[in-house]
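Just below is one structure, and these are the notes that go with it.
To keep things simple, chains are lettered A, B and C as they appear, and every chain counts its residues starting from 1.
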Amino acid sequence: MFVSITTIIPEIWLLVAAVALLMLGVCYKGVNFSVMILGAFIALVIAVILQIIWFPKTQELAFHGMFITKSGIAVTKIVCMSAAAFCLWMSGAYFRLSATLARFELPVLIILAVLGMNLMLSANHLISFYVSIELQSLALYVLAAFYRDNLRSTEAGLKYFALGALSSGLLLYGSSLLYGFTGSASFTAISQYMAMQQELPVGVVVALVFMLCGMVFKISAVPFHMWTPDVYQGAPTPVTAFFTTAPKLASLTLLLRLIIELFPAIQESWKQIFWIVSVGSMMVGAFAGLRQQNIKRLLAYSSIGHIGYALISLVVGGTGAINSLLLYMVIYLIMSLGVFACILAVTIHPERPDTLTDLSGLAKTNPLIAFCMAILMLSMAGIPPLVGFWGKFYVFIAAVQQQYYILPIIGVLSSVVAAFYYLKVIKVMYFDDQLIQSSLKTSSQATLLAVISTITVIVLFIYPDLLINPLQQAAASLTLR
Amino acid sequence: MTIQEIAFYIFSSVAIIASLMVVSARNPVHSVLFLIVVFFNAAGLFLLAGAEFLALILLIVYVGAVAVLFLFVVMMMDINFATIRQGFVRYFPFAGLVGLILLAEIIFAITSIPDVGGRATLGGVAHPIPDPQQVSNAHALGRILYTDYFYVFQLAGIVLLVAMIGAIVLTLRERPGSKHQNIGRQSYRSSSDTLQLIQDKPSGQGVHNG
Amino acid sequence: MAEFLSEYLWPLVLLILQVVAIIVALLIAVAYLTYAERKVLAAIQLRRGPNVVGPFGLLQPFADGLKLLTKETIIPTVANKVIFITAPILTFGLSLAAWAVIPVNDGWVMADINVGILYLFAISSLGVYGIIMAGWASNSKYPFLGALRSAAQMVSYEVSIGLVLITVLLCVGSLNLSDIVRAQQGLWFVLPLFPMFVVFFISALAETNRTPFDLPEAEAELVAGFFSEYSSMSFAMFYLAEYANMILMSTLMSILFLGGWLPPLNIAPFTDIPGPIWLGLKVACILFCFIWIRATFPRYRYDQLMRLGWKVFLPFSLFWVVLTAGVLLYAGWLPGQS
């Protein structure tokens, strides 16, 4: 089988760049941390450009059918890589705050995690599926514990690792059952088998349940969300920003591919599961977030809630719903990057700001950041003149069109509840007295990104087609078996 | 009953008993030692299946390296088992229920296995297992590992690289006091670099006089 | 009944006879290795060595053995008894089990399995358990420290041993020990792979806990390391196993690099001497080097030992694996490639 190298060229480039940066860091002890961050940023940008240049027009396979790429996958990869690049861009100042944080392995690990995401998006075989998920997760575990002199961070890493290992075990167990019941580990062969069979063995459903448990853990949806607040709180802030963006989208898209390509025949089974997961995530995200005082924990619950909204589209199914899912996730990524950019812009200590009170009076000390944060919070809540509204709107519309009524109703109600804590952040910034004397020194990169993100949130509300049209083709190719 | 069958039953029953001991032993070191027994018997089962390469790799990798490090860690830890087992009685009913449900599910699933003939026609099995009499294990594995499974083989290598970076990032600390021998530097040292002949003043003049 | 006899009983009897033959030969070899060690050390240190029991002290090893046999086995009260007793038995048993696959001449081997080299590697990597178990079960500080040292040490040096084995396997194309010897008909591997031979030799010293890597028993720091608490026969088993392992490693080295039973030159006066004698001579030469090194080198510091294993041997042997594979591929000398 002839394999064109351009099919996998962004991944090869990422690997080469990661190893090159690693060698640079190991061989020249004195290399400046900013240089490493810049190098990793450039590497990711080049990878995005490579992916755009060699954009797959049709479905392309490589390595004996173990690697697959098509336009939907490529679009997701581009979004993931860009999100990772922005995270790196805004994190430089944070990591320079402490000598134990400014180590050259950080950008290398981020690139390797992105490599893992790209490969898992392109997995077309149970083994490559599992190994690439492990590649991504392993890099993320280390990143969570990166601030190793901090008790919270090591706890986060350990917790993430222990629970992640459990979820990988479930995933592996489900995969082995699937292999056992279908006789093949290749996605292509499995879906052929599923299509041929009149009546599927019960074992396939058991396999589905195990694999879904593993994947639901990776996207941190209810009931496997327990780790999220602890890990998000403990991990260094830019790492948390990274966690809420690229890995979420990659895992969700992989989950989408998994159920659409492997289990179309038993969609009644997984629709029930996702119904429960979606409702649970929306409720937990809304209600558990109310009590939170810690900013990162609050954002963790917010991300659980957002995953719940995105999963509504998965229950609904069909090209239109998948389009709204991708749209929702991309909008969430933009908002989340913006919120974390705001936090990083006013970060003066690796553990500050920590609680909401640390942000009090921000409107007076740093009006620009406070304004951006307020806009992004309103957008997260889904309030109309901002793009967050379109995300929820399209998800609910797609559900209503397919005669699903309960899910959108719960969604609207829980977003009303969640709006409380988004507004609370604004209240703290604008109406509370300043408690802590914060310095005016801010990170210029993070501020820039916060402003860009805020402008994007406003502009995209006026021209949502800028986002919808490119994602349409991607959604169509992802729903294609 | 052939010798092979007797051996199979011995290996598998010892493996099951030992794995029960792994979870029930009071002393964690004993648990690890029983785990090693399980590995040994699994290797024996591999041997019976004609997979001698896998059997020995299992011994080398798991028993020879992984379990040694397990044992190393477990021996160093001072675990008080009474505290670990505190919640046992409290959580047992729930855990037992989950276990029973899982067991029922698995039994349900296994009984639904379709006949093998139906699956074999799928064409999913790209490589029928070669006859062990004709091709040795190592050759057979090598032939597919570096061709069909080249991609995942490389991926596994990258995973190990990440694990290695992670271990170093999280644990390596510079120790400024540690001294190393540099043989090259020692050999290149010549007496003229270190020895210096100081023409001393005649005795009786003292050192402070100029 | 006759079928049972011919099918099961005779092979079994034959097998037991083979096992007994190997064990007896091995124990005698071990006995005289201890004697040789004392004599060689004495000669190097300008002493006489054992010379009282028997002519030239030749019966000394047996006298020592009898002494240990008649002594009382002491088991410390705080020791974990089962593991304490299992440890020396395991160590000794493993050192014997390895000999099943060693070919002493063309076709003279008990089990001619086609993964022989892996079997040996597995057995040698299991040797560490005896030490760890002994150190832990003694429930005493020095043995425990010795056990910890040895666990890390042996795992580290197995890595480079494994890579050395891979370079040899690349040149042979088989995991069978007899095939490895036959592949050296024209040229012993010690010539093209000399650096690997050196790496293997040094790693074998570490693997058998010999000077300068005898940290697990370092008598100056840890009394006697992992076997401080052992006495009489339980001690003797460790002692026997240590020397049996030395002989095993030397034999392995002869097979991998020095052509096993093959004569140095394939011409008349050499080929008349039977293979096992050639093998014995080669093993004796390597064992002499073991003892020579013991008399010459001081002990390594622990971190230096780790540094040597991970930072010197591992990259170096990895480089040689790549180099060997590259040369073989480039020159078209890969076995099985035609």
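Keep in mind that, in the parts below, contacts are C-beta pairs under 8 Å (C-beta built on N, C-alpha and C of every residue); 3 or more make two chains touch, one makes a residue touch a chain.
Fair warning: this is a prediction, and the values are worked out from it, not measured in the lab.
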Chain contact topology (line, ring, star, complete or other): line
Central chain (distance from its CA mean to the mean of all protein CA atoms): B
Pair joined by more contacting C-beta pairs (B-C or A-B): A-B
Centroid spacing, where centroids are CA-atom means, of subunit A and subunit C in whole angstrom: 54
Separation of subunit B from subunit C, taking each centre as the mean of its C-alpha atoms, in whole Å: 24
For subunit A paired with subunit B, centre-to-centre distance based on mean C-alpha positions, whole Å: 32
Contacts with two or more other chains, residues of subunit C listed in rising order: none
Residues of subunit B that touch subunit C when the two form their complex: 29, 33, 36, 52-53, 56-57, 59-60, 63-65, 68-69, 71-72, 75-76, 136-138, 178, 180-181
Residues of subunit B defined as touching subunit A within the complex: 105-106, 108-110, 112-114, 119-120, 122-125, 147-152, 155-156, 158-159, 161-163, 165-166, 168-170
Touch list for subunit C against partner subunit B, complex: 83, 113-115, 118-119, 121-122, 125-126, 128-129, 132-133, 136, 144, 147-148, 151-152, 154-155, 158, 162, 174-175, 303-304, 307
Sites on subunit A touched by subunit B in the complex: 15, 22, 62-64, 66-67, 103, 105, 108-109, 112, 115-116, 119, 125, 127-128, 131-132, 134-135, 138-139, 141-142, 145-146, 148, 157, 177, 180-186, 189-190, 192-193, 201-203, 206
